[in-house]
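Before anything else, here is the set of structures, which you'll find just below.
Consider the two complexes below, in which chain A is the common component and chain B and chain C are the respective partners.
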Partner chain A sequence: MLALVVAGVALTLVTGPSLTPPLDVLRVLAGQEVPGAGFAVLDLRLPRATLSILAGMSFGLGGAVFQTLLRNALASPDIIGISAGASAAAVLAIVVLGWSGAAVSLLAVAAGLLVALLIFGLAWRDGLAGARLILIGIGISAMLDSMIAYVLSRAPAWSLQDALRWLTGSVNGATLGQVWPLALALMLLGGVLLLRRANLEALRLGDDAAAALGVPIAREKLVTVMAAVGLIAVATAVAGPVSFVAFLSGPIARRIAGAGRSPLIAAALVGALLVLLGDYVGQHLLPARYPVGVVTGALGAPYLIYLIILSHRTGRPA
Partner chain B sequence: MMAAGAPRAAVVALRRRRRGRVATLAGVGAMLALACVLSVSLGTRSVGWADIGAGLLGRTDTMAQAVVAVRVPRTLLACLAGAALGLAGAVMQGITRNPLADPGILGVNAGAAMAVVIGIAWFGMATLSAFIWTAILGAGAAACFVYVIGSLGPGGATPLKMALAGAATTIATSSFTVAILLPRNDIAGGVRSWQVGGVGGAAFDAMLPCLPVLAAGLVLCLMSARGLNLLAMGDDAAAGLGAGIARTRALAALGAVLLCGATTAICGPIGFVGLVVPHLCRLLVGVDHRWLLPFSALTGAILLILSDVAGRIVARPSEMDVGIVTAFLGAPVFIWIVRRRRVRDL
Partner chain C sequence: MTRLAAEGLSAGYGQTPILRDLTLKVPTGAITAIVGANACGKSTLLRCMSRLLRPSAGRVVLDGRPVQGIPTRALARELGMLPQSPIAPDGITVADLVSHGRHPHQGPLSRWTAADDAAVATALEATRIVDLADRDVDQLSGGQRQRVWIAMALAQETDVLLLDEPTTFLDIAHQVEILDLLVDLNQSRGTTIVMVLHDLNLAARYADHLIAVRAGRVHAAGHPDTVLTEDTVRQVFGVACRILPDPTSGRPMMLPLGRHRTTADPSHRKDAP
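Let's look at the complex of A and B:
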């Protein structure tokens, strides 16, 4: 997996409108001046690749945690409205309040947590039922999506590129300044999640089994959900709600990691790879340039349908 | 005496119920008229009653009269679209016996919008009647797709599976819609209008080609009321009572698809009207589809007109698309319905 991610980064750094020889790329990265290549590699492609990886890892980790905790492959944060909450807050902050930078990220995190609490609270009736949670999440995200659409409709007409970032997710125009808050969040929150991956696996077996294994259920659930929501929200504040990455990473990673082993690290790598490759396909392989979210959205929808069909055949609840 | 008295009491009760429904019908009709008056008189710009009268008579000498002349077709379009969506929602909930069915949630409107966008971008379609037929095609394809996906496997078409299939289809179709529109700067200005529905910019001649389609959909839906009543008892019971289940379903679904397709072709995708209205009407007139369907049409018209008026007032000095207003009104209702039901029924 790691090798694939490195290969993806290399591909992103080498190709662009003009091909840079790999040797030149290495010399630029080593700090040498290479005429004609320095700007493209250091200022355009490197931030883009870094942002793709970090955002993809955050989405992948957060999504896998949600899917594990709720024991439902469909309960990923982009379907149940948490990305939409962070996205709506970020759009409001940028378009209406005129904020930028870390303040936007903080607000997005707060809004993501708030929406998560709201969905969990509304879905709570004698315990938390996955089906109700998902349906309420669909309702909430429909509402938030229309709020995003409304705020964008009041934004100036020339900012279509920005608008699409908040509708589908995009890493266009990435700068190294955007990368830092995300890297920090990934190190802190991702670290928290990875340290707890044994407990998460225990929780996946069900509350009773986890309690029998000595896991303090309520505290673990609270900590992991907060950390996952925080990760998703920061990544959304920077790259927009890149469709379906959080949703796709978990099941793929579980297949790679095999049963019984924690898929979290694999999920982060799969997420990074999805965003990197999605962005590469959107930039270079298609006749027109698309933001990465459009590519992952088109990839993810057939997979979701496949998952529904599969869950019917095996008789497990979707 | 007892034997004679009991049926008579039943007949009296039935008559009283019918009279109650007729009274409700009159009330709803009055509400619709009031909503139309509000829609013509209220808006971003305040207009005096004298100007409204003059504008209604077709004079456009002053700014105010011209404003009224624009609001009249807009009101009519909201009325038509709301009625079509409300009726389509009631029929879909009847066909699928699914309380969460709605042309927006099940992805039917998004499918129609994508079909129109494909038609414009790849085949250079420009006429409205072409839009309408393409939209109907897209709506029909999306409806079949979602129904098949949602009813696969054990348990049949449960509300959860249908809603998930619809959500997936919506995300997929809107992703494709963006993908098609993005590189086309000539038509990309319309990206938003195919993602959020609105009734602004309505004109009489744009509505004309839709009328026969809407009328056909209306007739098909209303004709299927008796069949939907039988379907409500379950497929086996309905078959036992002599209903052609497949034929009833197909005809009613065709009617609903015609209504959704034609509406989406003019207004863009508008969600949640078809979800909210039938639930409201069931509280008013009960579960008999012969009453439920016409009431849903009328109430849908009222809801969409009032939503449009609200969208104009809330966001002064600009406007809020009616699709956004209905999502804000409808999503809480959706959540309320989900919360009220037991997990087993989802």
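Let's look at the complex of A and C:
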């Protein structure tokens, strides 16, 4: 897994409008002046690759935590409206309020947390009911999406460019300045989540069984949900809601890690790989250039449809 | 001597009270069976005693301390609980599920030890599921699955073990096997066992102490000889019955009397026309 991610990074660093010889890339990274390659590698491709990895890890981790906690693959933050909440707030701030930069990102984080609270509040009934939460979340997500579409349809041309990235997610124009807040969030919140891996696994046995095994249910759920929402919101604020990365990473990681092991680390790596490769495909392998979210969206949508059909057959959400 | 007791316990879900001012003592080192009609509050009582549910009044005491004040993980090392309907995660293997029993013995950073391995191996052997260790839990029969959950609770190695209907889904052979297993555990390790059972005869046979619950209160408690009476069964279950001595154990044995087929009916005889 890790090797795949490293290979992906190498690939993105080497490829641009023109190929840079791998040796030149290494020399640039080592701090040497290489005419014609320094700018492309250090200022364009490296921040882009770093941001892809960090955002991917955040989405992957956050998504897997939600799916584990709610025992449902559909319960990913990009399906139940948390990413949509962050996007809607950002689009509104850019188009209507004329904000830009860090203020937009902060608002997006706050909105992600707020929507999470709203969904959990609405779904709460003597505890969290997964299926209820998912239906409410999908509804709220649809409302937010239509709001985004409405705002964009009335957006003046100058703000459209900036606002559009909030629709599908993109790592275009990544700078190292964007990378730091995300790296910090990932270290703090990701650390909190990784330390709780075993508790999360125990929670899959049902609340009663987990509590009997010594997991303080209420506190543990609150801490993990808040940490996961925080991660997703920060990553969304930086890279936009890269479609379906959170949703896809968990199930793939579960396959790789095996049913009895915690999938969190694998989910982070899968997420990183999805964003990295999705961006590479969008930039270099398709006839036109597409933002990464379009590529991951094309991957995730069929899986979503498959899960929904499956839940219809079995009569319960998969 | 009593390590575990409930004092004036009231509890419910939302506004509906289920347990009403319930007081009981669990004899230490003995096997206690709780019986009662469906929905009378047996599971609710067990959930309160293992602190899965917070009582609205009263308290549960373990070794003189209220369980609400004991850290969750510390409590889980002393008191184990098998809930009525636990969930097996998709695709998990028997060995992985049983390993979860070691959870309270591990910190966030501590490693799996030889003692953990030994506890899991012992639990698999005691429940006779060593052969199933690598199978998916989804693919087991109801009875096999029940033994896997019991193994998980055994791997927790607690002095007190609460079990909510450990014999549901089991055929009569496996019911007896599980109950024998619990007696073994009780005798070899001195584990205090509290279990909810629906079969009154097995409860009277296997328990040292019988508690009959009715509408959220203890209706009768004590030795099975004194608790399992025709009056108790009528008041607790609303069923008329006859009590006879169990010819093997001498414990009381209950024959329920319904409205039909309770008299020697000549038409049921082979030689009837």
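Heads up, the rule we're going with is that the second predicted complex is superposed on the first by the 286 of 318 C-alpha atoms of A that agree within 3 Å, B and C clash if a C-alpha of one lies under 4 Å from a C-alpha of the other, contacts with A are read in each partner's own complex, and residues count from 1 in each chain.
To be clear about the criterion, a contact is a pair of C-beta atoms (placed from the backbone, for glycine too) under 8 Å apart; a residue touches a chain by one contact, two chains touch by 3 or more.
Computed from a predicted structure; not experimentally measured.
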| item | value |
| --- | --- |
| Three-chain arrangement built on chain A, chain B and chain C clash or fit | fit |
| Partner chain in contact with A:I305 - chain B first, chain C second, else both or neither | first |
| First (chain B), second (chain C), both or neither touched by A:V215 | second |
| Chain A-centred angle between chain C and chain B, computed on Cα centres after superposition, in steps of 10 ° | 90 |
| Touched partner set for A:G191, first chain B, second chain C, both or neither | neither |
| Touched partner set for A:R204, first chain B, second chain C, both or neither | second |
| Most chain A residues touched (candidates chain B, chain C) | B |
| First, second, both or neither for A:A131, with chain B first and chain C second | first |
| Touching partner for A:R71 - first (chain B), second (chain C), both, neither | second |
| Chain B and chain C, minimum CA distance [Å, superposed model] | 17 |
| Those residues of chain A which chain B touches in one complex and chain C touches in the other | none |
| Of chain A, residues touching chain C in the complex | 71, 126, 195-196, 198-199, 201-202, 204-209, 211-216, 259-261 |
| Sites on chain B touched by chain A in the complex | 100, 104-105, 149-150, 152-154, 159-161, 163-165, 167-169, 171-172, 174-176, 178-179, 182-183, 188-189, 191-192, 195-196, 271-272, 315, 318, 320-321, 323-324, 327-328, 330-332, 334-335, 338-339, 343, 346 |
| List of chain C residues in touch with chain A within their complex | 13-14, 47, 50-52, 72-77, 80-83, 85-93, 95-97, 99-101, 103-104, 106, 108-109, 136, 153, 156 |
| In the complex with chain B, residue positions of chain A that touch it | 74, 79, 122-123, 125, 129, 131-132, 134-136, 138-140, 142-143, 145-147, 149-150, 152-154, 157, 160, 164, 167-168, 243-244, 287-291, 293-294, 297-298, 300-302, 304-305, 308-309, 311-313, 315, 318 |
